[in-house]
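Both complexes shown next keep chain A, but they swap its partner, so chain B is in the first and chain C is in the second.
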Partner chain A sequence: MAEENSTDTDSHFRRITIIWLVLSVVLDLLYWFLVGPHVPPGRMTSTARADQFDFNVLFVVALPVLIGIWEFMLYSVFTWRSKRAGVPEPVGGPTAAGNKRAEVSWIVITSVVVLLLAAFGTVSVITGKGSGGGEVPNPLWSPSGSVKAETAALAGTGTWAPNTNAVLPVQVIGQQWKWTYRYPTFGGFESSQLILPDNTNIEFNVTSLDVIHSFWAYQLEVKADANPEENNVAFTKTEQLGSFVVRCSELCGIWHGAMFNYGKVVSQTAFMTWATQTEAANATNTEDLPIFAWTYVPDANGAAGGYYPDGKLTPYSSDEVYGSKQPGS
Partner chain B sequence: MTLSAERPHEVEKESFVPPASNAVSRRRGGGWLSQHVGTAIVAGFLGYLLGHWLGNYISSGYPVVTNTGQNSIADLMALIFMVVGWLAGIGALNYPLAKLVGREAKDDVELTGWSKYFRFNLDHKVVGLQYVLGVLLFLFTGGLLAMAIRTELLNPTTHVFSADTYIKIVSEHGTIMMMMASSVVIGPLGNYFVPLMIGARRMAFPRIEAFSLWVFLAGYMVIFSALPFGGFPTGWTGYAPLQTQAGPGMVSYLFGFFVIGLGMMAAGFNLAATIINYRAPGMTWSRVPVFVWSILATAALLTLATPVLVAGGLFGLLDKTVQTAFYVTEHGGSSYLWQNLFWFFGHPEVYIMALPGFGIVGEIIPVFCRKPLFAYRIAAAGMIGVALLSFFVWQHHLFQSGIDPDMRPLFMLTTELISIPTGFIFLVGMGTLYRAKIRFEVPMLFCMAVYFNFLIGGVSGVFLSDVPVNVTVHGGFFVLSHFHYTIMGGLIFAFMAGLYFWLPKMTGRVMNKRLGLWHFWTMFVFFNLTFFPMFIIGLLGQPRRVFTYAKNLQTLNDFSSISAFLLGASFLIFFANLMWSQFINPKKSPANPWESLGLEWQTATPIPPHNFDRIPVIMTDPYHYSEAGAPALADFGDDDFVHTSSGSTTSGDGSA
Partner chain C sequence: MSMGGRLAGVLGLFLVAVGLVVWGVATLITPGVSGGLVNFTHTQAAGQPVNLTVETVGSIGYGAHPTWVSYLTKDPHTGKYVHETSWELPANTVVDMTVYQYDSGSPLRNQQWGQVEGTIGDDATLNGKDFTTYDSNTGTGVGHTFAIPALNLIVPLVGVGGNNICGMAPCLPSAFPHNTETFSFKTPGPGTYNWQCFVPCALGYLFGNGGAMSTQGYMGGELEVVS
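Take a look at the complex of A and B:
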């Protein structure tokens, strides 16, 4: 048995390769066309669509890897199983303890695949404007117009109107254990419902009043940790009407599991109507809120008292000091 | 001519003189009044009371104590004194204290009989078996908590536990399991087999080896004390503002990691020192068994990464007790500090929990393939590569946390790079299987399962490392499933492979094969049925550590829960097998039941306390399964030469 010739070895290898190729191509195609378009979280926003594409690309690369190794293992189990009882004869041959060609090709192929995946991921995260993930107060990648919208919002001069292509800044505030949302372009009113206009670049400014939460708007494909005293910015562009769920995805205490609510993407005009009406209806409540700022800290009475803007942060630049909205008291 | 004849000095120098510490002296051995687990428990309890009283005495007047009604200083002092009492009670402090006051320590007593397993013992083989019991205690406690979690998740709206109890259970499960997993192979199999595999009589520092065990067991008590203290709500990650906010259970968590960290560092550098310095003559780096390579890589991680956790825990304890503000943002600290410290330890920790599994698999597969390990150098390089790279990836845990965004492509790259050396392990396995003659004994089945499971775990890790996909899967059930596939599917399956493989050597008793097969197949099938649906649950939007979830996910969650109960039952089969084969109806094992060439199998059975009468001279690596008439693995300095592979007994290079 020890003197089996190399053509026999090659025939095993050839058989494994052919089965692998056929299975990989068939299953990859089946996945791409049948499963891929339905992969969560859907295509409600630009980031959801892009990240779904990204997931599918990774899956199409991963599937042949899984198939290759599983097929090899199954093939080994059925082909090279020792049929006799007891300890079998030892297996020798020049390539038993190592095979330069196999080793080098394995290393080269895995390295190339890995580097390509890293390059692909980098391109995706840049073209995806952060892909919906939290990007700190100074995002490297942002849609055009967001800096202007952000600066104006903080100065209290921000506006948003339908059909203007303007970026809509929304502040997301996490606290134990609920989410609230403030709309700086509409007087800074606070809502417990996240309503967004369709076909609009949204800029989420995520912060927390107590512990770390994580804002996960599932169907929107936005996820950003809400840190106290930190403005974590994430972008997406809404592309479809519909409702979505917001959950907390960072453990924040005993009611973490119950920290969720729902939101809706509505048409731009419907949003405008809702926002202006809510702004008017909430006007007296808004006066009692702390002045709009990107982050808040507890006042002297601690969490039981109130919050004021900590006045430290300004959009996209840590150099400029935002000084005009220090606490009144 | 044998090597012993060629190089008489090396062999002669090492020939056996019973070390002083092994001198048999029965002056105070074995009595009920000498130190054992019972005295340790009593001393630990008294230490707890004393520490609590002292803490209250020191700090009861301070406003923070009066206002909150919580005295973290008393809680911490109680735990510190408990651990010190436990160590003093078991006798871990006798030697250092005697030296401290300038006396010669009393001779250690060589104990016989079963009672030595309940005492402070310096024999690495006894410590290894004590560790087996210790990690099984951790494993079964954590497993019961997992059953509780899955019970709660049977229904999205009807609750078995309150939200408070549930989060305590989740946190306790995660922490206990992490503590268990970081020692599960290093402790039992590392301590037991590394000296045997490298041809040493003992570990480099036997007292440190025993200390690491007893401090590990003290860690169990400390982390368990969190439950009577009211639990902690942070999960095993203990993120900072929540950590600062939490009650006294948090002190147990922080001090628990502190204590376990001490044990991990002790075990790590002891193993590293042993492997580097105690190899037998001829045991060159290219002949070291691959399991020893994996333990060396792990030991490096334990030694270098764990201090960061210990320091992080210390900062947290200072925050909670004496009101410093390391992690308190509004007082000038930063909650990111904890996240960075924790994950700077935490990601190497992930490989502390993976590498020993690779080592076990690499050690066992050639035995059941009757083939040399394929690409031995690549296997060793892969483990060292993983260990090095693991220090450069930690921020991928912080992709959505608000870290500097330009760091993300970098950490995506480093994280994906780590899959190259991890892939080496698969190359080694596949190369060894290629055209082998495979025997499917229970350990081999577990090794094949490691490859199956770890492949899923590893590939899902690439999804997590990709920043855009990470937005979907971060903090959800996808990541939960991913790390259960790597830690449980990889490490725990490898640990089981190791137990089935090596228990015949450790105890001289074989495990029952029929029960072993039942155990393997139930564990393998139900493990996958439990955790594979969680990938889908995660993609469908269920965050981790929640007690309520969307109604449409109930079917998948129920499927997962029921599988989890059956997975739990498979551990009962394992437990039954362990009891039956080792205690109730023991069957004597042949000296080398799997016909392995490993040096550990060439020792006498039962292994004498000093392992080798003469230090062997190593002549080749232990994977020469292929060559009939290959040189013997080792020269034991006697005429009775070791046979190399089945069917070919050789007397070395013509010496006879």
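Take a look at the complex of A and C:
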């Protein structure tokens, strides 16, 4: 009788395993090739592509676990249901405990899966230069040339041209309830439009002039909180032409829901044309803007007054003082 | 007291508490009460520009918040200013806008708002003179802006100087110093679009953006664009 039970158990285990294996392979392959390429945020930037890949990897790892649980549940319901003639009632309680093989297998398999995914995620964040997330003023991971670009931007000597592989710094300024963008390598002009060149490393310097906002361009897979008097740095590399939407993802007041705009990734040549034309068109107003700085602080008039550079001098430094905070003070 | 009575009492108190919470939250998130729309479509000849006149005043002088800064709209039917900031406008139509600005000014939080954008010609007139940008750090500064974010439209409204600032709407041009600004824009397709001031002019509120800046009917409103 015991041998028959053991044989039955092995038979059930084999059957469950084969069904699980076939279903997992088929559904994982269907997902990977049919669904995966269409999963948000798409592939407009390096971080978007990498995050789509990461999500798909997580999904194909998780799907077999889900299939295993559902399959076992359904198999049990149909195979060992109590009304089936000749099938003994399931045994529970203390007599069912103590299957060390099952316990050890469960602990080992789940531990290995979790640790591997943790390592995978860590590597993805590092190789993705922060994966498009805000890395505060002192990013641990940054693309080559970013510090040089930032230093030049602050000194007013930054340049960018097509086919130079240079990093393009873009300042994102949040204020109730609109985003504006400054381009320090083009005279520091400010615009309501976010236009980016294709195939270029972009360094977003995100800050706020009032309350906390959050810069979220999900097709770019960039998301960074915009905090007043803080410079939150995020990186990505554009890889596809197209339009994207920028939203505020931090509840910031009555018009929070209207705080969005559309941006574009255009060819490097088209970007150069747009940037130089806008720099010229906005030249008068650019002269009236505060000198480009990582963050801006209010003058003595507080909320009703103008904003001025706060004096953070070097890239990623929150300490060094840049001249006086206000012109003429 | 019986068990039933006690349960009824607890349930009653619970419902009262829930009601108070719902009322409190609803009060907090309701952006003021706007009386309605000023209609610019009834007398509108097809294809002709709409003439829309508004004024800004440093304190409206009456109503629930007499000290609050506000816009007022000139009703095209009566010719009188009304405390309404939402307008029904025809789609794809040029709007010729006139703003009488009676409030004082200050430097802009973001001087980018000093640049005229999104109007026809990307310009406006200030007391009859064409301009494309205004340095808010000079002169009398900028009092308010008229902005329709969805259209990327923004026009700085230059502040007035002196002590004789109008504090009771409607203000008469002959009695108080003011700036007159004109500009034109084209309405988009049918839909609802918000417009607002970007100057944090609600003194006494966090970052100047509470109070009148966060209440419909004062420093913001809606364009109900109809076909």
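Methods note: the second predicted complex is superposed on the first by the 296 of 329 C-alpha atoms of A that agree within 3 Å, B and C clash if a C-alpha of one lies under 4 Å from a C-alpha of the other, contacts with A are read in each partner's own complex, and residues count from 1 in each chain.
Definition applied: a residue touches a chain if its C-beta (ideal position, glycine included) is under 8 Å from a C-beta of that chain, and two chains touch if they have at least 3 such contacts.
Because the structure is a prediction, the values reported are computed rather than measured.
A.B. asks: Between chain B (first) and chain C (second), which does A:Gly253 come into contact with in this model arrangement: first, second, both, or neither?
C.D. replies: Both partners.
A.B. asks: If you stack the two complexes on chain A, which partner ends up touching A:Lys148: first (chain B), second (chain C), both, or neither?
C.D. replies: Neither: A:Lys148 stays clear of chain B and chain C.
A.B. asks: Can you tell me whether chain B or chain C touches more residues on chain A?
C.D. replies: For chain A, the partner with the higher number of touched residues is B.
A.B. asks: Regarding the shared-chain residue A:Phe55, is it in contact with chain B (first), chain C (second), both, or neither?
C.D. replies: first
A.B. asks: With both complexes overlaid on chain A, does A:Trp216 touch chain B (first), chain C (second), both or neither?
C.D. replies: The first partner, chain B, only.
A.B. asks: In the overlay, answer first, second, both or neither for which of chain B and chain C A:Leu117 touches.
C.D. replies: first
A.B. asks: With the two complexes superposed on chain A, say which partner A:Arg14 touches: chain B (first), chain C (second), both, or neither.
C.D. replies: After superposition on chain A, A:Arg14 lies in contact with neither partner.
A.B. asks: Is A:Pro298 in contact with chain B, with chain C, with both, or with neither (first, second, both, neither)?
C.D. replies: both
A.B. asks: Considering each complex separately, which residues of chain A are in contact with chain B in the first and with chain C in the second?
C.D. replies: Of chain A, residues 210-211, 253-255, 258, 298 contact chain B in one complex and chain C in the other.
A.B. asks: Which stretch or stretches of chain B touch chain A in the complex?
C.D. replies: For this pair, the touching residues of chain B are 163-164, 166-167, 233-235, 237, 239-242, 245, 329-330, 335-336, 369-378, 399-406, 408-409, 412-413, 416-417, 419-420, 423-424, 426-427, 430-431, 433-440, 448, 451-452, 455-456, 459, 462-463, 465-472, 474-476, 539-541, 543-550, 595, 623, 625-628, 645-647.
A.B. asks: Applying the document's contact rule, which stretches of chain A touch chain C when the two form their complex?
C.D. replies: Those in contact with chain C are residues 173, 175-178, 180, 190-193, 209-211, 253-255, 258-259, 261, 282, 284-285, 288-290, 298-299, 301-307, 327.
A.B. asks: Hey, which residues of chain C end up touching chain A in the complex?
C.D. replies: 31, 106-112, 114-115, 117, 132-133, 135-137, 147, 149-150, 152, 154, 194, 196, 198-201, 203, 206-209, 213-215, 220
A.B. asks: If we count contacts the way the header does, which residues on chain A are in touch with chain B in the complex?
C.D. replies: Spelled out, the residues of chain A in touch with chain B are 4, 9, 12, 39-41, 47, 50-51, 54-55, 58, 62, 65-66, 69-70, 72-73, 76-77, 80-82, 87-93, 96-99, 102-103, 106-107, 110-111, 114-115, 117-118, 121-122, 124-125, 128, 130-136, 138-141, 210-212, 214, 216, 218, 221-225, 227-230, 232, 245, 247-258, 297-298.
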